[in-house]
Structure formats: structure tokens, C-alpha cells
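Two complexes come next, and they have one chain in common, subunit A, joined by subunit B in the first and subunit C in the second.
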Partner chain A sequence: MRALFVRDLRLALRAGGGFGLGLAFFLIVVVLVPFSVGPEPALLARIAPGVLWLGALLSCLLSLDRLLAVDFEDGALDLLATSPLPLEGIVVVKAAAHWVTTGLPLVLVAPVLGVLLNLPAPGFGVLVLSLGIGTPALSTIGAFGAALTVGIKRGGLLLSLLVLPLYVPTLIFGAEAARRAVLGLDVSTPLMLLGGITAGVLAFMPFAAGVVLRVNLR
Partner chain B sequence: MSLWEYANPVKFLRLSERVMPWLWVGAALCLVVGLVWGFFFTPDDFRQGSTVKIIYLHVPAALMAINAWFMMLVASLIWIIRRHHVSALAARAAAPVGVVMTLIALFTGAIWGQPMWGTWWAWDPRLTSFLILFLFYLGYVALWEAIEDPDTAADLTSILCLVGTVFAVLSRYAVNFWNQGLHQGASLSLDKEENVADVFYQPLLVCIGGFVLLFFALVLYRTGTEIRVRRTRALMAREASGAPLRTEGV
Partner chain C sequence: MELTVTDLAVGRGGVPVLAGVSFAVAPGAALVLRGPNGAGKTTLLRTVAGLQEPMAGTVHGAEDRVAYAAHADGIKGALSVAENLAFWASVFGQSDIEAALRAFDLEALRNRRAAALSAGQKRRLGLARMRVTGRAIWVLDEPTVSLDAASVALFAEAVRAHLAAGGMALIATHIDLGLDAQVLDVAPFRAPAQAMAAADEVFL
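Let's turn to the complex of A and B:
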């Protein structure tokens, strides 16, 4: 299990893609926002939490179609399926590697981009916290979507169509927490609900993804 | 004699062909009676005027949009557990009908909302969750279309239906948390007092009955088509492989 995790991390780091690309995409999305809505600081401050959450979500989505497809195409996934590790475990490891290479950097870089968007000071801590709680759910739901579309040629667009509606609850609670923090309201309720969703997703999604993967490897 | 006998495509087709004319006639009758009654023989509402009459399309369509998804969920479960092909095909057949019902509900809602609320669209929890339901339908239909092997497609879409149901319900309550709404709460329910006056309520019931019958007729019809498409494909494959033709049962 650890070997697979390390292998995935190494592949993501060395294949010159995944790691920096998601961050660059996040940066570009955030930079484009003032161009499209205008540079007014008050307006930017109002929409900053939502934009940062949306940007993080989209960058997460960007690398999902390679999550399982590469291993599926070169046959590594078949080998992994015959290993003693259950497919559910493989999905968890893959999702964890995806989170470490995509979600975690996004969480760390979000405050910097928050400065660009004039995010009010009380928002920073909660934004990082909510992204930290929410992004593991994004990676795990994404792994399910990747497992669904792994056998489909050019499934990238379909993957977005399937995964984005599943992201709705996470996005609502995550962005709501950050927004409330900016307004100086209590943030514990949305954060707890966000944590609940992440916990539920982590508990159940690997099984759904495992079933789906088994069908696709048949 | 059990219900599962109709999992046999031949028996299913025989039964559905016997039932379908009645369903079509019943649906047409209910819709004509309900809509004419509702549109021409009920008084205008004292505040909403004649716009209230869009209720005869809006409410039944919205009801069926949700129940179509529920039917797909049940059919998917039957496919996963007992692997009856008719069940998977029925789920597939119901999805586009559900899409259209959702669209009707959204559009009639917009037409109703414009004079009443002064806006075509508001990010109200009920409206938003319906839009999300629409997205789930789109994803489900797209996944069916994308996969060539029918059994793989049936497996994957039924899992998606299960997961989608959980997330659709989650989203339903999440949007409640996220915004307050313009839409009224539930007006029709089985166990509570009715909020719709009898003059409007009776034709509405007839219309709902008409939509239910129409839904079943459409789903049976489309399922029959799917079964025949698959049978034709099997025959063509057999012919192409040079094996002797055998027409009974697939």
C-alpha cells in the first residue's frame, strides 16, 4: 500500500504535469476573475471566498481524468487488481496521492491568492481550514468519477459532467464557512457539516469506486 | 405465478402490449378532462388571477420528475441484485422521460414565477435542487450513451444512480442551508391538511393521474423499443457470425 502511494507520488512529481499544473490553473482562474468582474476591492472581497473555493474545485477536477486512466491504459491497473490489495484500498491510495499532489498544494497556496483577491483578514484561517477539510472529499468523489469513466475514450468531459453535481454539497458548505468567517459570523455549523460530508464520502465512496472499477476491468 | 416472471422479456412484452392501450387511453382521457376542467371550469384565484391555472402542468410534472428518478433507483437496485435485463432497460427508458418532466417543471415554474414573484428565476432552494436534479439526469443519460457494452453500461449507470440519489438528497438539504426561498412549502401531502382549495384540487388530482399514466405508458413503450433494439442487434450479430438464425427469445 505504501509502495503504491510512494509510486503514485513519484510519478506525479516526475512526470512534469500534475503537481505544478493544478496550481498554475488555480492561479490563472483567480487572476482572470478581476478581469471579468472589475478590480473594485469591495466587490472582490465579497466574492473572494467563493472564487477561491470554485478555483480549487476546478483545479482538482483538472487532473482527475489521469488519476486512473494512465494505469488502465498501460495495464498497471490489471496488475494492481490481481495484487492482494483490494481494489477499494487501491482507490483510497490513489485518491490520497491525488490529494497530496493536488489538494494539499491548493490549500497551502489559497491564502496567497486570497491576498490577490483582497480577502478580508478574518477569512484566511477559516478558508484554509475549510479547504483542508473539504478537498479530501473532492479527491475521493473524483476517484469515483474517474473509476466510472476509466474505460471510455476521451471521457474527460463526461467525467466533469458526472463529478461536478456530486461536488455541490461540499462546495456549498465549504464556501459558506469561508463566507461566514469574512462576515464575522459563527462558522462551526458549516464546518461541522463539511466534515460530516468528508467523513461520509471517505467511508463509502471507495466501495462504490471499487465496484465500478471491478465492472470496468471485467 | 410471481412478479418476477415479467423479468422475461417475451412475457414482459406480451403483458405491456396488452396494458399499454389502456394506459394511453387513460392518460389521454385524464389529461383532456383535467386540463379542460382546470383551464376553463375553475374560477380565477382571488390574488393570482388566471395564472394559478399553470398549476395543472407544473405540479404533476414536478411530481413525476422526482418519481421518475425514484423509479430508476428501484429498477437499478433490481438490476444490481437480481440482474434482470428488463429492469436495467426500464431504468434507461425512464431517464429521458424524467429529463423532459424536469424541464417542464422548470419552464412552467419560470412562466408562473414571472408574474407572481416578478422574476423568471431565483436561487431558491426548491428551484436550485430541481436544477441539480436536472444535472444528475443529464449525467446519467450521458453515461448510458457513452458506453458501448450494454451490461457494463447497465452496471455503471445503476451504481451512478445509487450514488447520485444520496448526493441529490444531500444537495436538497444543503441548499436549504445555503439560501432562503420564495417557493412555498409542500401544499399537497397525504397526511396533512390540504392548502389547495377543492375547486382547484379536484382537477389537479385528475391531471396528476394523467401524468402518472402517461409516464407509465411512455416507459413501457420505450422499454419495449429497447428490448427490440437489443434483440435485433443479437440477431444481426448472430447472422454476421454465420450461425443459424433462431428467432425465439434473446
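Let's turn to the complex of A and C:
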């Protein structure tokens, strides 16, 4: 399992691996928002938590269609399926590698981009915390979506349609936590619900993904 | 423990391809599958490898003992030859890749990026992977595609060494590898054309 994780990180970081794609997209979205809604600081401060969360979510979605498709196309997935690793474990490892190369950089860069959107000071800590709790769920749900669409050529559109509804609870509670922090309200309830969703997703999704992957490989 | 296939029926996309296939491969023996294109050799091998369920019949003695090599080698172009091989070795809980590099004459290429290999060199890397798995049953689907004569000889030598060490091999090929192996022509086992609607029932 560790070998697969190391290999996926290495592949992502080498040329053509797509590392930084999500990051660049996130940056573009956040930079363009003030141009589209106008430079009014009060308005930006109000929408900043929501925009940052939405940007992070869409950036995460961007790289999902390659999560399993690359290994499927070059035959590595078939070979992995006949290896001692369980398919559920393969999905967990690939989701973890996706999070480290996509989710984690988004979490780390979010406060910097928060400055661009005039995010009020009390919001920064909770924004990073909520993204840190929420993005593992995004990667894991995404891995499930990738498993569902693995045999399909150009499955990216179908993948987005399948995955986006599943992202909604995470988006609602994540953005709500950041919004409440900005307003100086108590954030524990949305954060706990966000954590609950992530925990549930981490426990359940790998098994669902393993089952659909087994069907898709036949 | 020998590999036993009894009255096996296999299908592709719910349509039966082969039916009533039975054979046994003892340790140290190889079985060569022959048959025209589309006869169902690949489907049979995928079933033995456990990638798909048999439609009927049983495969005995293959569980967690199969190393499978398909048409695609699963090589990552961004990694070097040695990195590719070391990855598969550690997935299968092994660590030594030197013997495999030597057996397929890849030592000079060990630090080359796999994307820069020729088709035949890639194939050799794909076959070298079999050696680092440490698995007893090699299931090989047309292993000699794009190999030159010298490489085919290297491959036949590797299979012979594997058999001599008590391994087994199931090979679908159109060329003669010079192996002392039983030959099974799958053409007579072609399944009668009929729709097997039940195959995907669970998912409808």
C-alpha cells in the first residue's frame, strides 16, 4: 500500500502529472471573482467564505477523472486487481494521494487567497480548519465517482454529474462554518457535522468504490 | 498445488464465449492456449486470473497465486525502468529486482524513463514484472507481441526457469516458444450463441 502511495505522489509531482492544476484553477477562480462581482470590500467580505469553498470544491473536481482512468488505460489497474492489495485499499490509497496532491495544497493556499477576497480576520482559522476537515471527503467521494466511471471514455462529465450532488452536504457545512466564523458566531455545530460527514464518507465510500470497481473491471 | 479448471464457461459482456473448458496444470508444467482471434483466450485468462467471474464451472487453486500479464503492461512512462519494477515488487511484497532485470536484459536501461523505451523494451519490462511478483502461476496473454527473436528466447528461458522452480504457466500465444508444454486449442469449446441475460441482473 505504501508503495502505491509513494508511486502516485511521484507520478503526480513529475512532469505531466497534473500537480498544480487544481491549485492554478483555484487561484484563477478567486482572482476573477472580484472582477465579476465588483470591487466593493463589504460585498467581497460577505461572499468570501462561500467563494473560497466553492473554488476549492471545483478545483478538487477538476483532477478526479484521471484518478483511476490513467491506471485503467495503461492496464495497471488490472494488474493491481490481481495483486495482494484489496481493491478497497487501492481506492483508499489513491484517494489519499489525490488529497495530498490536490486537497492539501488547496487548504494551505486558501488563507492567502482569502486576503484577495477581503476575508475578515476571524474567518481565516476556521476556513482552513473547515477545508482541512472537508477536503478528505471530497477526494474520497471523488474516488468513488472515478470508480463508477472508470471504463467510460471521456467519463469526466458523467463523473461530475454523479459526484456534485454528493458534495453538497460538505459544501453547505464547510461554507457555513467559515461564514459563521466571519460573523463571530459559534462554529462548533457545522464543524462537527462536517467532521461527521467526512468520517462517514471515509468509512463507507471505499467499500462502495471497491464493489463498483470490481464490476467495472470485468 | 495444481491449477484445476473444471467445466468452465466464460463470457464477455454477458455473452458466453467458451463453455465446458476443463484442464489441469501441475506444478512445473505449462499450458499453451491456441485459437483464432476472438476465440476467447483472453476472456479465459482473465477468468482464471480472477478479474471476472466464471459463468459456470470452477477454477481451483488460482486464488492469490496468479501473476497476470495482459496486452497492456501497466508501465508508467514518468518512472524509470527500475522504479517501475521496484514498485511492482513491493506491491507483491518482494524487494529484489536485479534478477528480473538481468533475465530480460534490462540492466543497461535501468535508469531510462519508461516513456523513452521502444515497444519491445516496454514488453520486456512488462514480462520482467512477472519475475518480481513471486507468484506461482503465470498467466500470460500473448506475451511475445512486439518482441524480437532474441527477446523471445530470453522470455522462453525465463518461463523455463520458472517452471523448473516448480511454477506453472498458462500462456496464450500464436508462436512456438519451444517449451515442453501441453497445448489446448480453445476453438472446439466455443459456446453456442445465446444471450445470457442473467449475468448482470444484480445491477439492473
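Basically, the second predicted complex is superposed on the first by the 215 of 218 C-alpha atoms of A that agree within 3 Å, B and C clash if a C-alpha of one lies under 4 Å from a C-alpha of the other, contacts with A are read in each partner's own complex, and residues count from 1 in each chain.
Following the convention adopted for this analysis, a residue touches a chain if its C-beta (ideal position, glycine included) is under 8 Å from a C-beta of that chain, and two chains touch if they have at least 3 such contacts.
Just so we're clear, the structure is a prediction, and the values are computed from it rather than from any experiment.
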item	value
First, second, both or neither for A:I197, with subunit B first and subunit C second	first
Subunit B versus subunit C as contact partner of A:R218, first or second or both or neither	both
Contacts of A:L148 with subunit B and subunit C, given as first, second, both or neither	first
Touching partner for A:F173 - first (subunit B), second (subunit C), both, neither	first
Shared subunit A surface residues [contacts with subunit B and with subunit C]	215, 218
Residues of subunit A defined as touching subunit C within the complex	2-4, 7, 10-11, 14-17, 71, 73-85, 215, 217-218
Residue numbers on subunit A that touch subunit B, as the complex places them	144, 148-149, 151-152, 155, 158, 161-162, 164-166, 168-169, 172-173, 176, 190, 193, 197, 204-205, 208, 211-212, 215-216, 218
Parts of subunit C lying in touch with subunit A, wherever the complex brings them together	49-53, 64, 66-76, 78-79, 83, 86-88, 90-93, 129, 133, 203
Residues of subunit B defined as touching subunit A within the complex	132, 135-136, 138-139, 142-143, 146-147, 152, 155-156, 159-160, 162-164, 166-167, 170-171, 174-175, 177-178
